[in-house]
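One structure is given below, encoded as structure tokens.
Per-chain numbering from 1; labels A, B, C, D, E and F assigned in written order.
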Amino acid sequence: MGVVVTNIKRTDKKVVDAFAEGKYGVATVHEAQGRKGLLAPEISPIYKGAYVAGTAVTISAPPCDNWMIHVAVEQCEPGDVLVLAPTSYSDAGYFGDLLATSLKARGVKGLIIDAGVRDTKDLTEMGFPVWSKCIFSQGTVKETLGSVNIPVVCAGAHVNPGDLIIADDDGVVVVAQDEAADVLKKSQEREANEESKRQRLAAGELGLEIYKMRERLAEKGLKYIDQKDYQKS
Amino acid sequence: MGVVVTNIKRTDKKVVDAFAEGKYGVATVHEAQGRKGLLAPEISPIYKGAYVAGTAVTISAPPCDNWMIHVAVEQCEPGDVLVLAPTSYSDAGYFGDLLATSLKARGVKGLIIDAGVRDTKDLTEMGFPVWSKCIFSQGTVKETLGSVNIPVVCAGAHVNPGDLIIADDDGVVVVAQDEAADVLKKSQEREANEESKRQRLAAGELGLEIYKMRERLAEKGLKYIDQKDYQKS
Amino acid sequence: MGVVVTNIKRTDKKVVDAFAEGKYGVATVHEAQGRKGLLAPEISPIYKGAYVAGTAVTISAPPCDNWMIHVAVEQCEPGDVLVLAPTSYSDAGYFGDLLATSLKARGVKGLIIDAGVRDTKDLTEMGFPVWSKCIFSQGTVKETLGSVNIPVVCAGAHVNPGDLIIADDDGVVVVAQDEAADVLKKSQEREANEESKRQRLAAGELGLEIYKMRERLAEKGLKYIDQKDYQKS
Amino acid sequence: MGVVVTNIKRTDKKVVDAFAEGKYGVATVHEAQGRKGLLAPEISPIYKGAYVAGTAVTISAPPCDNWMIHVAVEQCEPGDVLVLAPTSYSDAGYFGDLLATSLKARGVKGLIIDAGVRDTKDLTEMGFPVWSKCIFSQGTVKETLGSVNIPVVCAGAHVNPGDLIIADDDGVVVVAQDEAADVLKKSQEREANEESKRQRLAAGELGLEIYKMRERLAEKGLKYIDQKDYQKS
Amino acid sequence: MGVVVTNIKRTDKKVVDAFAEGKYGVATVHEAQGRKGLLAPEISPIYKGAYVAGTAVTISAPPCDNWMIHVAVEQCEPGDVLVLAPTSYSDAGYFGDLLATSLKARGVKGLIIDAGVRDTKDLTEMGFPVWSKCIFSQGTVKETLGSVNIPVVCAGAHVNPGDLIIADDDGVVVVAQDEAADVLKKSQEREANEESKRQRLAAGELGLEIYKMRERLAEKGLKYIDQKDYQKS
Amino acid sequence: MGVVVTNIKRTDKKVVDAFAEGKYGVATVHEAQGRKGLLAPEISPIYKGAYVAGTAVTISAPPCDNWMIHVAVEQCEPGDVLVLAPTSYSDAGYFGDLLATSLKARGVKGLIIDAGVRDTKDLTEMGFPVWSKCIFSQGTVKETLGSVNIPVVCAGAHVNPGDLIIADDDGVVVVAQDEAADVLKKSQEREANEESKRQRLAAGELGLEIYKMRERLAEKGLKYIDQKDYQKS
């Protein structure tokens, strides 16, 4: 504890920008990278409609102590997303509109926090998105050191500084820095593939046909039975 | 497991349409049918303002396996509502925008699921309402059979295929198929009765008077005491 | 149980009005009064954007029994906020649009309830704000007495009748009646102070500088280390 | 509400006795009947080591109102197990040592309750087992009717009066009355089959071999890789 | 914050000793004092079989900071029970075997804590009972002041210093200092009354008769119906 | 997914044995290694009194699918502890007495699982300790591959294969393989230091004196005030 790692390597800006432009959703990215990296479903946005793709600046903070956020601000660059993991359960409101003002001034895109947030009306009006475990006005102290830009486990997911963070209405997913370019490609392919499926389904075709599921279902033993016969059995 | 019941009997279309037209809310319907049939309060809509009255197509699905949704789509008719109950706790995202596209093409009105859902931004934009336990991008597999149109317990409520489902901002209530006509009548009466009460209350009359509660309260022993005297005691 | 305390003393109207005008948020008021009086984070608004400052009329109600709300209505005056604490855990829907109509007719500003609420679509359209533990259509009975205007513990906070209640998107805070004037003054000062900070932070100044944190961080042992050196260790 | 169904048909006593003698555990019975009928994992025993096989007398009780337990006692026969499902969430302590004394005098084997219980030290000393959602001294009232021996949903499982209830340290499972004989046979077979497996496993044989899993694992694509090679990739 | 109130008035020692001798359980005391004062059911003993009746020394502690326990030890006298309420949610382990050794040396009977505890095997072997929200080894810091012997809300119950605390396998109840003598008398009466009921129930008499419930049940509309007739309806 | 890493490097056996002999508790080890590595408090032992120090064989398993446990058994050596992390939330019972028989035959010391377990009575009688999120008889399938001996996040903690696992009544802590020798030394020192403290505290000395806290408390502003004076203020 008590370490600030400086000059971190970040995910390639072109890759991050391509995600931000395509707005590949959390569900898409999660599938594209082989179903890993999701934060727990308790983490939800304070308002709907936000989309963020950015590079992680990580904070390992003591419970109910937000001192390290002030330290982390200085380490942020435009395009970053702050990711805060407390070292023990906390629902305290680590973050409010003053810190958001400061982060916004530095070009930070949003905050992911496995704890509480407050001033949510102000944050909504400012358009500074936060994904948090809860909304709670209970404040914090500035007494104990934590660390900045060390690896953390945030809401059950491993996040390294510089990793790519994608967040939308569905929640948050982290993409490892050295896999981001590959995941981008797969996300693009996935989107393209889904678009053709979407049109066929919209036209009334069945997934059972499109995905050729009937044979495998029958093999597994699926039986169709008329309700009249079912009720007799 | 592994049964698809076909040609199910559904709640009378005229009754369903009368509910849909009157937009009798979940609270009203629940009271009208004698305070039963509510799904647990964890089940909430992914967006506000939707109202659905439709007939249940039920799915009993393995945890984290959405294969049976594809099977169920084929069993759906216009006016149906899909009701999915996992056989074990799951917060996985069984459902997203592709399945919604397919259901919408068949005239399905919405989904009730005691598990997770994803692509919620897309679902909101499409206007396909979902009532779920959570929002989570964690996907599912297609490995194990479940059943379609068998009786299920969904979020604590017993649902038979063909039953009437009512869902709004307050949650979800199920009405047994053979009670639906009677519940419609009682819902209409209840609404009419409430309207007159609403006007009297809006004019400043007290419920204590309208419902003639004073005598029974006194019988039970209710005492009024001035704050000055209360603080002395 | 079974007591209605009448003629309660309320927080000075001028003070309440000053809060209502300034819209001092829950987080601000909570800090201004020394970080106490917050209700638990489970208590959240049924819709976003509401702000209430009013005087508490308290209800201690049996679980799943809303009889006392009808009794409490008569004790309400314009500017009051109803605060209901069940004597045992309950997620039942104690409150709906009829009671809201009645309260609105008497000038009541909102409801705080450590239990459930229903008819939330109607309440939203009426503009009657409720902060509750959950939304649930399961109704209540009218069988057992409770009390009105006695001290209660609501969602972990002690509330006396006549206390000042502040509620917004962040949740709810209670201010003791005899401290309200002092807390108003401190809230005003806090807001003024924050405004100047906000401008400096928006201009890109660091909190580390504004709050002069560097020295104390160093004293505690905070170390900065380049990522290349960190990875070697 | 307000119905007591009398002279219920119960699961065949010989079948119940065979379960009680064989002490077929909840996990075994659950598997034997095709993985259905389990109550939710929140339901746990107040003390370890109890085993119960008995016939259900069901109670649908209002939240925080234990009046119907007194009514149900009269309907109980030796070998019964009481199953209480509240109509709305309740953690109240519906049950204590006096009711247990009364039930024990009638030959009732235990209580399953999706709510709270109290006097647990006395119940433990009496050897009256209870499986409950929680332990809580908060008592109940006797104001509102419920029903006895109607079908209920208890902790997510459908229970009909007369059904077989099996409960042990793992939790509770319900077996439909007309399936009990068949489930007994399958439980006995399962136990016999497991015993031979147990001996082979205890001797060091691998499940991979006994269950012949290697081929199917390989088909699915499972790969073995030495740690040195894995770290390079 | 930051106040230690000294020379607190405690509940009369004779009354406390009478509770300790009679071992009046939490459920009994809770009923005897009119169903109030219970701590939430999340608070449970780390081992079974302990019974404590003692006088409260209260601690209001910052989240995850146990400094004030050291301060409180000095304020304890033989027969006290420590009651710790964090000012914000915390599951940290505030307390272990060293602090227990210290408290035991001063004659303190146990700890009630709305947070976590650790070293539970040692505490069990020492026979120092703790009622806590959870067991967790995550430690605390000693950075921020709290207060000792001020009124606190602990797990939903209001506790004043010097109040009587009763704790057993069922949980914890607090009795106001000036009501303790009266509650003792009522607990004794209740126990005596229950003993005669217990004997009648053990002999097979029905509560329906002993409590003369039949008439009131009929008035409320309770109906008995044979299962054969019920199934036809 | 679908990888089994073989020939993993394990924590030095002498170090593991020294932990096992000294029975350094989870709280001690957690402090000794700088307050990191704890699994979440939901993970608790199925019976009290067990202590385990062993080397991790890790499993990343699909939700509700225990196939990989069979695969992992083959990778286990005497002294190992199995650590299972599902890739999505699951409360299913992955593990029962047959698998425990197999693991015991290979010298495995216990199981840590962020999911459910069943056959707990048998496991207790066998003396095979399990630390789990819950006890639940709901079984699993064998349909989908996972991986063995890859890094996992289990109940919020990062576990690498071969890491040291310590588990007791308080929960579970993981020690990184290359820090284990150092943590052993610090645990031994900590225990020695605590023993002297324990004797002084048992003799009635105050922690305030032993740890010389008075000065720092006064600096922070702690005030002592007689109750009579406090009540006037």
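As a working rule, a residue touches a chain if its C-beta (ideal position, glycine included) is under 8 Å from a C-beta of that chain, and two chains touch if they have at least 3 such contacts.
What you see is a predicted model, and the numbers here were worked out from it, not measured in a lab.
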**Request:** Spell out the chains that contact chain C while also contacting chain F.
**Result:** A, B, D, E
**Item:** Result of counting contacting C-beta pairs for C-D and D-F, higher pair
**Value:** D-F
**Prompt:** Approximately how many whole Å separate the CA-defined centres of chain A and chain C?
**Reply:** 30
**Residues of chain C whose C-beta touches two or more other chains** = 35, 87, 91, 138, 144
**Request:** Give every touching pair of chains, nothing left out.
**Result:** A-B, A-C, A-E, A-F, B-C, B-D, B-F, C-D, C-E, D-E, D-F, E-F
**Asked** Can you list the chain A residues touching chain B in their complex?
**Response** 25-27, 30-31, 35, 38, 41, 44, 48-49, 168-171, 173, 194, 197-198, 201-204, 206-208, 211, 213, 217, 220-228, 230
**Request:** State the interface residues of chain A toward chain E in the complex, per the touch definition above.
**Result:** 62-64, 87-92, 138, 141, 143-144
**Parts of chain F lying in touch with chain D, wherever the complex brings them together** = 2-9, 47, 67, 70-71, 73-74, 91, 93, 96-99, 101-102, 104-106, 116, 118-122, 124, 134-139, 142, 144-145, 149-150, 161
**Item:** chain B-facing residues of chain D, complex
**Value:** 1, 34-36, 40-41, 87, 151, 153, 156-158
